[in-house]
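Structure first, commentary second.
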Amino acid sequence: MIDFQGILHKVYSEIGNRQERGKVATYIPELGDIDINKFGIHLVDSAKNEYSEGHSQEKFSIQSISKVLSLTRALSLVGEKLWSRVDVEPSGDPFNHLSLLEQENGIPRNPLINAGAIVVADVLVSELKNAKVEFLDFIRRIANDPSIDYNLAVAKSEKNTGFRNFAAANLLKSYSNLKNNVDEVLDFYFHQCSLEMNCAQLAETFFLFSNRGHCIQDQKFLSVNQVKRINALMLTCGFYDEAGEFAFEVGLPGKSGVGGGIVALLPNKFTVATWSPGLNKKGNSKLGMEALEMLTTETGLSIF
Amino acid sequence: MIDFQGILHKVYSEIGNRQERGKVATYIPELGDIDINKFGIHLVDSAKNEYSEGHSQEKFSIQSISKVLSLTRALSLVGEKLWSRVDVEPSGDPFNHLSLLEQENGIPRNPLINAGAIVVADVLVSELKNAKVEFLDFIRRIANDPSIDYNLAVAKSEKNTGFRNFAAANLLKSYSNLKNNVDEVLDFYFHQCSLEMNCAQLAETFFLFSNRGHCIQDQKFLSVNQVKRINALMLTCGFYDEAGEFAFEVGLPGKSGVGGGIVALLPNKFTVATWSPGLNKKGNSKLGMEALEMLTTETGLSIF
Amino acid sequence: MIDFQGILHKVYSEIGNRQERGKVATYIPELGDIDINKFGIHLVDSAKNEYSEGHSQEKFSIQSISKVLSLTRALSLVGEKLWSRVDVEPSGDPFNHLSLLEQENGIPRNPLINAGAIVVADVLVSELKNAKVEFLDFIRRIANDPSIDYNLAVAKSEKNTGFRNFAAANLLKSYSNLKNNVDEVLDFYFHQCSLEMNCAQLAETFFLFSNRGHCIQDQKFLSVNQVKRINALMLTCGFYDEAGEFAFEVGLPGKSGVGGGIVALLPNKFTVATWSPGLNKKGNSKLGMEALEMLTTETGLSIF
Amino acid sequence: MIDFQGILHKVYSEIGNRQERGKVATYIPELGDIDINKFGIHLVDSAKNEYSEGHSQEKFSIQSISKVLSLTRALSLVGEKLWSRVDVEPSGDPFNHLSLLEQENGIPRNPLINAGAIVVADVLVSELKNAKVEFLDFIRRIANDPSIDYNLAVAKSEKNTGFRNFAAANLLKSYSNLKNNVDEVLDFYFHQCSLEMNCAQLAETFFLFSNRGHCIQDQKFLSVNQVKRINALMLTCGFYDEAGEFAFEVGLPGKSGVGGGIVALLPNKFTVATWSPGLNKKGNSKLGMEALEMLTTETGLSIF
């Protein structure tokens, strides 16, 4: 038996108060105003025991972490045919570059970069009657928590400043890889990214990826095969152009967001979420990365 | 004395009815419907004598040729400080690629590629009270012809399908190299590109570039220095990624448009416009290129 | 208990004789002459039981698979400081492109692309007295098999046609990321790639990566931490620009070579090698990929 | 009549002693040791009158300027079929980047970037019995000066440090766009670049490009058509990624070298050579660029 609480306490003690905390994202005021001293961690093991340290009950903007959830919903709706519109290869480039999209005729490298997630959003807008409402409902059911919601101020700010996403969506449209109206797709996309959760909710939501597709209430959302595929994508593409570094240092499938959250998991063992709003140069939470590296060292657990 | 009429007649006889005419642009219906058998040529010499052959009185969409005219207006308004927002180097890439824009931090390579022309349009929207009205008035004055007008159906079609231009404008905006609203700038840009002229009007409009900045009515629009600069830009950047080929085969500053028009000039000697709607693989009028190559061979005149 | 022999038999029966076998590499005669109908598979489980089907005792050129072994030797010699000269990120580009190398100032994306493996080779040439002799000895000790050897004819052919590798090595040299003479480093590199093994030897050699750094004779060659890192690299970078696809479809760390070999492993469970010389469009063994996909489906085992 | 001597004197007085002189190239000792205070200018008009100021009789390494001369020799040997192996478009990238070469399947953008000049060198090695001897003889005949020679120490230094050129040549070889041995082609190339001339010799050598293909002794070396083509190439590609700027500011076909030399010409009017070893950030002689800009302003002469 692993003493998860003891290890989380040790991680929190050693890392939670480090001086070097990276820089908070400032491109919208709602993110820029967050207190950089926040640090939370929450772990759910395979027996659904829960362990917490720090500000694990405080909500933050999950941002790009939501891409895994929209992908999950899209896969459950359209299945494998999704892969004709988005590839599964690491991008080898920062998350917002459009160059590759041009070189590869409008097929995004993978669904966890912005362009790929916009294609996924387009699928949801096509397949759902009211994508914003139904996607939120889907998240609440996975998490078993009806209090989870969008932050409308964040969604609005993203819309007002998200010129690169408008560029990506229009470029996709020029390659006929966007079926709906650019504004409608991005409206959904910006809402999706504005979802707020705390570390506990985030770990509970992603529990299904370490539990063969069954959520924390034991409802089945994905096949074992689909879970494996999403985990593989998180491992190879979940951390912008630091995915290799994360696989190398931590060795777990996971996904980070510019709001400072990271979620990671070891199949059949545990799901863990961290939050610290300061980012490293690659755009991933600085203390979050360090905490997860220490966690795998202390537990001796990794997929490798 | 060069027998321009005789040479134009020879060019028209040999080239105007060639079987291989390229392909008409079809991305909007207004261009796709043009009769591929059209061919016109019109030349104005330094003494303002005019020579014509073929469908030289039939109007067509000047499209990218308008970029030289918007640049002319912007230079006359803001002068050299324009060059802090757009460079003067050949792009070495097809006219609509965004990759270079990313590599070079939002500074377009030159004002004759789409991204650069959108920056120029932004300057006009900033500097003029009503850009669409005042720019049209400016063109009419240069050409000494109040009948020149936008084609509103073309402008509207471009707006409905111009996703790459929306992508470029949003990308520029993300680099803070677009001051006005994307929709407003592109509305002006699509109107500008929809300008219609016939070969005679086009040659007369560009007369000022072979006449040291004085238009066909002898009104001064640009300094000698500014004319030299625009001519240099036309020579190095006027033909998408076939600029080198044109300099090499023809040896004149010029500009082509996807509507099948080309205008070219030899300083202090002549200005010539051709129109044939079939395009070669690089997007330049196939017969137009061949006609201009024959023209320089027959006259023995080129800047080199 | 998993019936590995039964599963291997099923894999061999279903896949070993498929009509669509890809294309044999032909850039050197020694590879082009291989019989495309060959197919072998060999698996070693954690208890060192061995299972085989098909041409598993026939030697082939391991080619790029050797990059994992040279990396192993280099890591054991210089440790973590290797990472100042080569990165750990997926390349997102075919294995032989030099573009990224230019963009990133001579630091190869990872040690499993050619440019990265050439840097690793340079380390071995620097650190060993006689790199060719000592590296071969190292491989023989890991594999516990003194019969393993270079194929000198293959090494010579590679040298005579490996212009892209000469280009990469010279480019590295121009960035001062090659310490020794280009010819000397490539001479070692071409020998390394010419190593010949059969499936059984290959699986036994890579046994240490599924056995926490201890080889099949229980001798320790790498720390647990180093093994994790190399496995992470194989998962994210082991299959040229099909790494994501392999992680996605198979879900095991592994490495392929242009000679048609693939080796893959599940930590603490098994190591498996396949050989079929026909390659798919991405340069990986077509039937090998299919066999490993079927193996993980049948066993239900993967890291995800 | 233009007072060339007066203008040259003015240029020399104003520019020759400027404090800001750029930086001398230091990648080989032979270039790094040059006195940065040197400045020479020499002009030959269409009547073969010669005008000089400053260190116009001091020899320097012409480096990349030699690419125009090797192109001239290759064109006279193989004619238009040269263009199947090298294109005529501006590169839009610094002179030594290999990325474009990969994107464009081994066809260099133009013969004035390194990769293109190496293809031209390969043509000369194929077509001439002893390329080094015969090319030197060719230059001496154009210049009417048997004292012109290679600098063997410079050629040797280039060979020892020219890793990027070795990379380019090997990459060309991998695309089968190099017929001879890499070492043999580069040996010729490094000698060609090591040619030494003073400003007077350089202007006299390039006289043929402003004189319709007839050298200063009135011997014909190129057709009028070939001269036009080479002049077009110099204008669009002669100044690395500053070609547009030079066309824009100066408006003359020309070519610069990393040794600090620049030669430029106005067809049927004059040929001018400048030398000042300090380079600007783009690799072109800083004072040379300024001098030529002033020259065209003072004379009022340019091709535009």
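Some notes on this structure:
First chain written, first letter: the chains are A, B, C and D, and each begins at residue 1.
Rule of thumb we're sticking to: a contact is a pair of C-beta atoms (placed from the backbone, for glycine too) under 8 Å apart; a residue touches a chain by one contact, two chains touch by 3 or more.
Given the structure is predicted, the values throughout are model-derived calculations rather than measurements.
Set against the Cα centre of chain B, the chain with the most distant centre is C. Averaged Cα coordinates give chain B a centre that lies 32 Å from the centre of chain D. The distance from the centre of chain C to the centre of chain D, each centre being the mean of the chain's C-alpha atoms, comes to 47 Å.
Distance from the chain A centre to the chain D centre is 55 Å, each centre being the mean of its Cα atoms. Looking at chain D, no residue sits in touch with two or more other chains.
Annotation, chain-chain contacts: A-B, A-C, B-D, C-D (touch as defined at the top).
Note for the complex: chain C touches chain D at residues 97-99, 102-103, 163-164, 166-168, 170-171, 173-174, 182. Taken in their complex, chain C has these residues touching chain A: 87-93, 100, 109-110, 227-229, 231-233, 235-237, 241-245, 247-248, 251, 253, 267, 302-304.
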